[in-house]
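Same chain, two partners: subunit A is paired with subunit B first, then with subunit C.
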Partner chain A sequence: MNRWRLPFQRENGGRSRNTLSRGAGSDTLAAYLFIAPAIIGFTVFVGYPLIRSFYLALTKYNGLTDPVFVGLGNFRRLFTTDPAFWPALRATGYLVVLYVPLSLILGLALAMFCNQRFRGVRIVRTLSYLPVVLPAVATITLWKFILNPQVGLLNTILERLGLPTSLWLQSPTMAMPSVVLMMLWGVGGTMIIFLAALQAVPTELYEAAKVDGAGPWSAFLRITIPTISPIILLQVILQTTAALQTFNQPKILTNGGPGFSTNVLMLSIYNNGFPNLGRVPQLGYASAQVWVLFIVIIAVIALAAKFTSLWTYSDNTPD
Partner chain B sequence: MTTLPTERRPRRLIGTTAWYATALFIAAVMIVPLLWMITIGLKSGSAVFEIPPRLLPREWTWRNFIDGPQAINFPRLLLNSTIITALSVLGGVMTAMMTGYALARLRFPGRKLWFYLFVGSMLLPGVVGLIPLFQLYKSIGWYDTWLPLIVPAFLGGNPLFIFLARQYFLAIPYSIDEAAKIDGAGHLRIFTQVMLPLTRPAWITMAILAFQASWNDYLNPLVYLYSSGKWPLSVGMAAFISPFAGKTPDWSYYMATNLLYMLPPLILFFAAQRYFIQGLGSLGSTTQK
Partner chain C sequence: MKTKLIGAALACAGLLTACGGSDSGAADGPVTVTVMTWESTQTNAVIKKALAEFKEPNITVELLDTPSGQYGDKLSSLTQAKKLPDLFWCGNDTEQQYTQQGLLVDWSPKLSGEFGADKFVASAIKNWTTADGQLGGLPSLMNTYGVWYNADAFTAAGVPIPKSGWTWDEMYAAAQKLTGKGGAKYGLVADQLTGPDGPFTMSMYAVSAGGAPFTDDVNHPTKAEADAKYTEGVQKLVDAVKNGSVAPPGYDASNAQSLFAAGKVPMMFGGQWLAAGFQVDKPKVKYGFAPFPQVTTPATLYDSVGICTPQYTKNQDATFKVLEYINTKVWDAVLPESPVAPPAYTPAQAKYFGALAEQPTVVDTVKADLAMEKTVGVRFTTQWAQQVGDLTTADYQPILAGKKPVTDLPAYIEKINGLIKSGG
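For the complex of A and B:
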């Protein structure tokens, strides 16, 4: 946990200690006035919901009458009787397993591609980043139509090339890969962070490797990967936690279908907590699902942090 | 790292032809869907479902760019989105700058504690707050108003901004504060008249990220806004093509309007590309060096 966040926490404000100490009392008052909004925000939007949500997870609550304490009843129902919960977990896991490795590999490959010296490399970089800039709803709805089996762009192109087409979002087996395909169109976001990391790798390392007779492949494995390993780890954590919370794409593209094939945990939480008119909201039950998701996210971060010390190249020597 | 100097390293891993072939492929993957969207926007309603589909419209229906937005209630949604986004950008940047200033440049008890709490809350998934906050807003009459989308920004709602602001403030020499203090300036004057001008790149980057976050936000307005007259573009656009609307959506109207929806972030991107890339790159570069 500490290892990968270490650089975040580098304290170089220390030198102000003596020079800014004139009237520490007035500094304290001023400082608390400056951060008062953030403290209020932290209390109301982080502290309160965290506690309240944990309590609600242990209750039966429809949002109208007072919550009724049921202990671990919600969790028992989740893991034993609810027919939709395991499929939701499986769909979420499937999405993460498909999306995260592909996003990292394609993102890194694209970054390495854009890190070379060619005319026009800026254009490729700009275009790759373009989908990230566009509003999520706009791109998702566009892809909903691209993936339309009858008149969509993807099948039109595949047909003209004589390649097999697919039902994409309408097929239970292809729906999730289609969602992931759409998400990968935004790989530019991963690319840009990798690109910044690649450009911070000291050039001398490559030159030294070249002198020693290393080819591009072994330079990649022995220099690039170890040097950017802290960023790879950061990306694994960021991408996994984000993928676990995917909502917009399945909500707009498939609304969970066909069947339960793309009914990820976030969608299930949303549908239980904020159902269509006429159905009773199950806010306690949805809170229990939120906590399952939350615990999975914490586990991912903890696990990643534990692995950090094993394989990332440590550049955390004080500078 | 302020820019990404691509020319710095003369290293080539693959041959020129292979590079350009790949570059062309990548460019096509990124741009063709958008071009196709424009052609759909220009087709007449029935031509969209023509089989086999034509890549270019037979007749160019420019009127879709007028009729489409009207059918979707675009002017109203645009106004709503503009107000919500403008206020949350203002709030998010202002609070982050104030908090970052205090955390980086003032000495006070609890400084480290609050820094760790703010930055630590970055790890908290947003969904944890969804249900308790929904109930809270409902009980104080904020449900179906814009307040849940705006007020949190004024209260440090984005911890990443606080982190970025603090990093930036740490890099400014302390002799500047000293000089201002000798001239008799208080904290408020140092902050507004000395620090804000010096930290322009930081708050422009934040403003862009905040704009993007608010303009793109879908889940929050979907949960907190009930009346269609108050919806921002994200919810209104998605509702137009949702099957719940009862009838088959008019895709050519939709795609024409979708282009208009994309325009503001697109223009901002090309006008301030440096800051966009800096914003995301800063996440990587701060962890590295």
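For the complex of A and C:
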């Protein structure tokens, strides 16, 4: 009845070598059976699509007829003739450069503010995190109205205050900063992780520093930052990955425009794979773009991990 | 145990067969014809009611519940899964592309008598016919375009109301006078001129001036060109964008309709379908719909939508009967409630125009557009049309925005011709 045994269960106290061997074999089988759903899931939903997308990247495939093998033709078109590819890479890079540092700085600042003891701190924390749990599409649409240059709330307020207005999402220069501004609306997600890290910093370190005459700025630079540096590294990687895969905001706010100014790589991939009604999908070409994005993400994360590990604090001292 | 397993497997297989695909029944037995539209829930309800009146022994019509948004994604998924319904709403471009891939039923042999090709708007049948003479669907509704104007704003600014025969110069002059008046940021919002399809719309200027259109044929192009007249039209648009009277490329025209209704946009390019919305949500201003301006002779944009049938439809005769019913009877019930577009089947147009009695300028302009001799296509319908859109964003729109000189136009045209030659 009890066919599968846990690894620590042994018949006759596990004394017999043969019994141990048989037990180990069935334990291994049981282990594989237990992880089988995860392996099957990975194979079906990650492994196979990965291999299939690589194959499709080497084909001309519109989803209507069978794929036609074109070798590196799609990659050649990407790097040489496609007028949208390099602007898409530039827009993606610009978004990362703008968004990642700002989200880290604002997230950390907000976390430090929320890490203090004052009346109503819980309400402030809740309000800071609230945008993260609100439906993304609804909030992005709301921001689209706010940023409307003609009848939007932001320009109306600026006009009333006698301040200069902007075309925001309709300006080639302001469109990406406007998208990033909207993305920073969800900085509560970064804040909550930093807050957890800050609360794990031993208070005696601050007390000792205070005794030694350290001021708040010195304590922040010499205690807080080094202690939470592994979390900063984690945040750099998380935020960079998220920024490289940004889709919702430019899709809803600008659909890539004006021109190619907010046409980030994910949006470009989507528009090639799932174009407007009446346009034929370029699934092979979109797959080639996916692989470029995949390699860019791997490279950026590897570089981030490599360089940040130089200053990341880790406690390697033996106990 | 083994028998039970086999039984269960057979039962599952039976269930899967029953659930999968659009099995429309045996060829000589009861048949269900499925229909999918991109219309709104309200319009679909009227269509459903009209389809319920279809009385033919052994044929049941089923209108599939589909969200009107993201119709393109749904169509694409169903095409790839080979699960397209028997009749689905499609554009001229989809019809051309799918027919070339051998995916659609050719209806040309079926058109005869009271439902003959001569009963349809001639330009629609011409444009829906592929290079090898197939008709991979039937045009159902015509899209006509023109200029929506706020008559109150024109009167207040002392500018003559647009009417048939007005010129491009008059339009730009009016735009300049209307700019900044009554909360209007721009005098003219013309997404069709400054958006991805802008180069095609500009053909109207060239053709009207006796020049050549941007391309010789949007369905089967052999070349693109920008002759002297075309370049002159582009230069005038560039000047208008530069002086701030025309909304530049990148302007978000998605809410132009509501801004127009609120009196914040005095003049905009648009289709006749806006009239259906204005019929229900009446704009705050007195408005009208005028034909496009001209240089010397009238010219307009051509566009139409229709209904297609996948090649694997099992009951083509039954499907054609339903298709004929939709074109000849359903619009009579739908268009009085929602006058979105004139039917391509001309005997059915009376109800559409009757429904627009309150908007006489729309009736006049749509009739004039449908009768116009010089028409230009709105965009390429080819497989590589998406790449043209990218080239337009990269090279044509910066010219309009003044970031590149008009002398760069030939370089853009050369790239389009490269695409035409290579076939994408």
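The rule is short, and it goes like this: the second predicted complex is superposed on the first by the 277 of 319 C-alpha atoms of A that agree within 3 Å, B and C clash if a C-alpha of one lies under 4 Å from a C-alpha of the other, contacts with A are read in each partner's own complex, and residues count from 1 in each chain.
As a convention for this text, a residue touches a chain if its C-beta (ideal position, glycine included) is under 8 Å from a C-beta of that chain, and two chains touch if they have at least 3 such contacts.
Small disclaimer: the values here were computed from a predicted structure and weren't measured.
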item	value
Which superposed partner A:37 touches (first subunit B, second subunit C, both, neither)	first
First (subunit B), second (subunit C), both or neither touched by A:297	first
Dominant contact partner of subunit A by residue count, subunit C or subunit B	B
Which of subunit B and subunit C A:121 touches, first, second, both or neither	first
Touching partner for A:151 - first (subunit B), second (subunit C), both, neither	both
Partner chain(s) touched by A:213 [first = subunit B, second = subunit C, both, neither]	neither
First, second, both or neither for A:65, with subunit B first and subunit C second	second
Which superposed partner A:162 touches (first subunit B, second subunit C, both, neither)	neither
Subunit B versus subunit C as contact partner of A:136, first or second or both or neither	first
Common interface residues of subunit A - those touching subunit B in one complex and subunit C in the other	63, 150-151, 274
Complex contact set, residues of subunit A against subunit B	4, 7-8, 12-13, 15-17, 19-22, 24, 27-28, 30-32, 34-35, 37-42, 44-46, 48-50, 52-53, 56, 63, 110, 112-118, 120-131, 133-138, 141-146, 150-151, 153, 156, 159, 185, 188-189, 192-197, 199-200, 203, 206, 216, 228, 230-231, 234, 241, 244-245, 247-248, 251-252, 255, 266, 269-270, 273-274, 283, 286-287, 290-291, 293-294, 297, 301, 315
Interfacial residue positions of subunit B with respect to subunit A in the complex	1, 4-14, 16, 19-20, 22-23, 26-27, 29-34, 36-37, 40, 48-53, 55, 95, 98-99, 101-109, 111, 114, 117-119, 121, 123-136, 138, 152, 154-157, 162-163, 170, 174, 177-178, 181, 186-188, 191, 212, 215-216, 218-219, 223, 233-235, 237-238, 241-243, 251, 254-255, 258, 261-262, 265-266, 268-269, 273, 276-277, 280-281, 283-289
Residue ranges of subunit C touching subunit A (in the complex, touch as defined)	38, 71-73, 75-76, 79-80, 91-94, 97-98, 101, 103, 183, 185, 248-252, 255, 259, 264, 379, 381, 383, 385-387, 389-391, 393-395, 397-398, 401
Subunit C-touching residues of subunit A, taken from the complex the two chains share	62-65, 82-84, 87, 148-151, 169-172, 175, 254, 257-261, 271-272, 274-282
